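We call the chains A, B, C and D, going by the order they appear; numbering starts again at 1 in every chain.
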Amino acid sequence: MPPELIPIQIAVEPSGNARPLLHEVAELLKRLLETGEPSTIDLSALPLNPADLDWLQTRLGEGEVSCQVQANGESTLDETACRGVWWVTHRNERGSVVAQFIEVAFVPELLKAHPQDIEAGREQLEVLISEL
Amino acid sequence: MTATLERGLHALKEVIDAPIASYFSSCVHCGLCAEACLFYTETGDPRYTPIHKLEPLRRVYEQEYTLLGRLKKGLGLSKPVTDAELDAWQDLVYDSCTMCGRCSLVCPVGNDIVYMVRKLREGMAASGHVPDGIRNATRRTVEIGGPMGLKWPAVANVIRKVEEATGLKVPVDQAGADYLVLLSSMEIVNYPEYIEALAKIFHKAGISFTVASDAFEATNAGIQIGNSDLAKVIVSRIVDAAERLKVKRVLSPECGHAYMAIRWEGPNLIGRPYAFEVVHVLELLDELRGKGMLKMKSKIKDPLILHDPCQIVRRGGVLQAPEPLIQEVAERYIPIADKQKWNWCCGGGGGASAIHTEEAEALRAKAFQVKKRQIESTGVNTMVTFCANCRIVIEEGFDHYQMDTRLLGLTELLAEHLEE
Amino acid sequence: MQGPLIDTLVRQGIGRRTFLKYCATLASMMALPPAAGRAMADALAAARRPSVIWLPFQECTGCTESMTRSHSPTIEGMIFDMISLDYHETLMAAAGQQAEEALHAAMKENSGKYLLIVDGSIPLGIDGAYSCIAGRTNVDLLKEAAAGAAAIVAMGTCAAFGGIPKAKPNPTGAVAVSDIVKDKPIVNVPGCPPIPVVMTGVLAHYLTFGSLPELDDKLRPTAFYGETIHDRCYRRPFYDQGKFAKTFDDEGARKGWCLFELGCKGPVTHNACATTKWNGGTSWPVESGHGCLGCSEPDFWDAGGFYKALSMPADPLKMGAAAAVAGAAAGVAVSFANRGKKRAAQVTHETTTLADLEK
Amino acid sequence: MDALELLTWARGPGLNIALGIFVLGVVWRLIEIYSLGRRTDLAPARQHAGASGLHTVLRRSVPPPGMLRSSPVSYIGGFVFHIGLALIVFLFAPHILLIRDLTGLSWPALPSQFIDMVTVVTLVAMVVVLVDRINKPAKRFLSTFGDWFTWAVTFLPVLTGWMAVQHLLLPYTLMLALHILSVELLLVVLPFTKLIHAFTLFGSRWYAGRINAHKGVPV
């Protein structure tokens, strides 16, 4: 029998733990604006059940930017309706969620290219040009 | 033969039974019985906590009738009950316990503490640790016939006076009468009005009665001292007279412990049921009232309060009769806060009033404060009761505290206002 | 020793973003603050590969299987890229004489610096003869290898606590690594088998911070073993509501209720299964409908039966009935003695007269 | 012996032994007490005994007039901790499971959060009652080693059980083991201390009810 046919469903009610998190996010946004310092909340380190996460995601809403990074499985970095608040989900190669974060930043860390990588890219480009 | 520790312990071994075992096993030392005991509430001395008064009995129970207690005793680990200890306990078992039974009513685990005190007194009496006053009263009752040493000629004299005062005949040793009337020495000496009242009431109701020349005394000091053998001797006089005279009923006088002795302990002392019925005078009066045979010509205008004697009400079960009777004669009967089975003892029951040591009298006076407060809280200065011993003790209390409260006997009060 | 780790990775086509993501995930799993992920990435990138010697004793190879047969090969694979695995009997190509030479070479070359990983328990019965490699007993090998190790990781319940070989009656006299080695830092990574990410987490921590992670009283990394399965179990709300599956196929089981009554050892088992899950986050025992066996706890094999609920005594009714009979016997015996004593007292009663009142 | 071994022993052989001694002790003590018997009262009863024994069993659970005012701590504290203990022992889900496993009997549980609150209240009430025992002259005077000991033996299971559920101080396994061990201590000493009142209380009240009802006094 394929696993999806095993009729185990866990109905879970929101625990109410997500509510204070919104206040936390608001604080972090204020800090971002005042000091420019980005911050991250590790969602799997908090006692949140799937219903809490749903609740949180619905409240924060969907924004304009939606990014995907293919790095050892897909990662999605979506800006929420609150700009500067990013919902970051890391998946492994099988597509299971391995970590979830709320990142409060102008641009999420992962999206930025590392100078050394840029350097490598530039060198590669130069080789490419010289071969033209 | 004399009283010895061995005889005392032997007596305790005889009387310990399942209720005692259950009670001692249940006690959690909550101390609530203290709050129900007037000797504790008025002195604040924790020695007077009722369950503590039973400590020697508890240890005898544990050492004789529990496996662990026997083992401990066998190994020499338990503290034996000694003569010195019983001596030290004498004032707890007699001076500061009137066997009023109020503690038995509050114990949350249901221990009937006064039931146990009665049994402990068997051991105290057999080991000789009894107050002289009660011992002497017992001696007089057994040897002479009554606790005050009253003999028949004196009683006959009082009866003659009663006959003169009322113009009614008081039959003596008359076989076949409905009632054998018992008296207490205190009534004969201090309250002869009671006998007059009875004569009037019987006459009015048309009921035949008699007094027995060899069994006029109702009180039983053997019960108070706690010796069933002597109590049996005393109660047997009444039983013999009643059965010889073939009366239907024996009438217990107002006196509280007399009622306890003849009505509740008697059959158990002689080991068989009676061939007659025992009723308390108030039960008879209430019966007559119910039949419409107790009509009053007038009522007392002054407000009245009632003192319910412990042995008649709480311990004797005459719960319902007193209030309707006093309402017959009182225009304003004021119920007090702790009434009926919750009433507070006068402080001199259970033989305590016979103890005349300085300490005992001082303690009694102190314990009377609860009665004083109870009376004062009502603002009424006429109190009615129906126990000769209560009357004496309360009068003493009034005297001690110089209270101007008036004390009346219920039966006399009724007789006084009886329709001619 | 080769260059920084990141060079190796980049050469294998693993980008910095992948590495950063890996470190963020690892930090999350180790319950480190999110900022530690970045620090870890920086440190690991610059780290040099340490020499690792892996000694197998009385074991079933399940721990190695767990490590290497992971469903996301790159993550755990990366760890093997981070280290120089100089000796591992199961994984190495060499055998016999060559293998032994490799082992001794590695021990000599990296003396005092290598990490020693042990799986399997060590038999002490009949002088350790139950398990020998190249003619030498496990206990000998362990002592020799431990002498030059910087730290020891006891992989799996056998190495950490003795495990199944130590189960009663323990025929081989099996003991744990910590019973033999007393003078080296030891990390226990129990589990039968342990969760792969715990292993990588310990290694990453060692590489990043140059030290072992915080350990509990049983020498387990608190990041993974700090809480019980029960604490983090998604079925915990049902336990709190008193909703329990009574059999494996009843209504409660179908509704995913708590498996406590079916013998789940979650409340007394410290492990991270409930959060990390197994097989790349696919599922874990409780999610698949079976109670926790408590495999990461000492002596789990002898803890009273996998299907026996935790707070249920072995066989009280028989004992109760026997006790009631014994109590009744004692009671009746006392009662006979008591009644005899009381009757004797009553029979010997001497009637009191007035004279007897006097002392 | 580590925590898990201790727990295994406590809930296996330990519980067996404790339950055995408890059952043995209670049966023995009850027979020992009630086989002493009592003489039938030969005085004619004022009224038929009827259900007087049962009435007193029930009536004594209510404070008599005036007593609540004179000893509020004894009554309220006593009520709270006795009812609390009953709720915790009989209506906490894991306890019901244990009883079901022992006897096959089962009933619905109260929510764990509610039991948690009850436990805290019970603990507080027990401490208050202890302080009352120290403060009240009559109580202090009557108190023997047995009174302090039985208080501790009753308090410990509640405290350790609560701490185990709350994951306080010690690891859960060890705390649970200590909880079960403390319950076992309670079971073992119950028949041989004043705690036997949990059983004899009914006999005592029943006797008092019958003896006094014979005379016509509802006590």
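We take it that a residue touches a chain if its C-beta (ideal position, glycine included) is under 8 Å from a C-beta of that chain, and two chains touch if they have at least 3 such contacts.
In this text the structure is predicted, and so the values were computed from the model without any measurement.
Taking each chain's centre as the mean of its C-alpha atoms, the one that lies farthest from the centre of subunit A is B.
The pair with more inter-chain C-beta contacts, choosing from B-D and A-C, is B-D.
Distance from the subunit B centre to the subunit D centre is 38 Å, each centre being the mean of its Cα atoms.
Separating the CA-averaged centres of subunit A and subunit C is a span of 33 Å. Centre-to-centre separation of subunit C and subunit D, using mean CA positions: 40 Å. Separating the centre of subunit A from that of subunit D, both taken as means of CA atoms, is a distance of 56 Å. Among the residues of subunit B, those in touch with two or more other chains are 16, 65-67.
Looking at subunit A, one finds that none of its residues touch two or more other chains.
Each of residues 28-29, 32, 35-37 in subunit D touches at least two other chains.
Viewed as a network of touching protein chains, the structure does not reduce to a path, ring, star or complete graph. By the contact rule set out at the top, the touching chain pairs are A-C, B-C, B-D, C-D. Subunit B contributes residues 1-3, 7, 10, 13-14, 16, 64-67, 70, 125-126, 128-130, 135, 138-139, 142-143, 225, 227, 229-230 to its touches with subunit C in the complex.
Those residues of subunit D lying in contact with subunit C across their complex are 2-5, 7-8, 11-13, 15-17, 19-32, 35-37, 93-94, 96-98, 101-103, 108-109, 111-113, 167, 171-173, 176, 180. By the touch criterion stated above, subunit A contacts subunit C in their complex at residues 7-10, 12, 39-42, 44-45, 49, 69, 71-73, 75, 90, 92-94, 96-99, 101, 109-110, 114, 116-117, 120.
In the complex of the two chains, the subunit D residues touching subunit B come out as 28-29, 32-39, 41-44, 46, 56-57, 60-61, 64-67, 70-71, 74, 78, 136-144, 147, 192, 194, 196-197, 200-201, 203-209, 211-212, 215-219. Against subunit D, in their complex, subunit C makes its touches with residues 228, 230-231, 239-242, 244, 260-261, 267-268, 270, 294, 297-300, 302-304, 309-317, 319-320, 322-324, 326-328, 330-332, 334-335, 338-339, 342.
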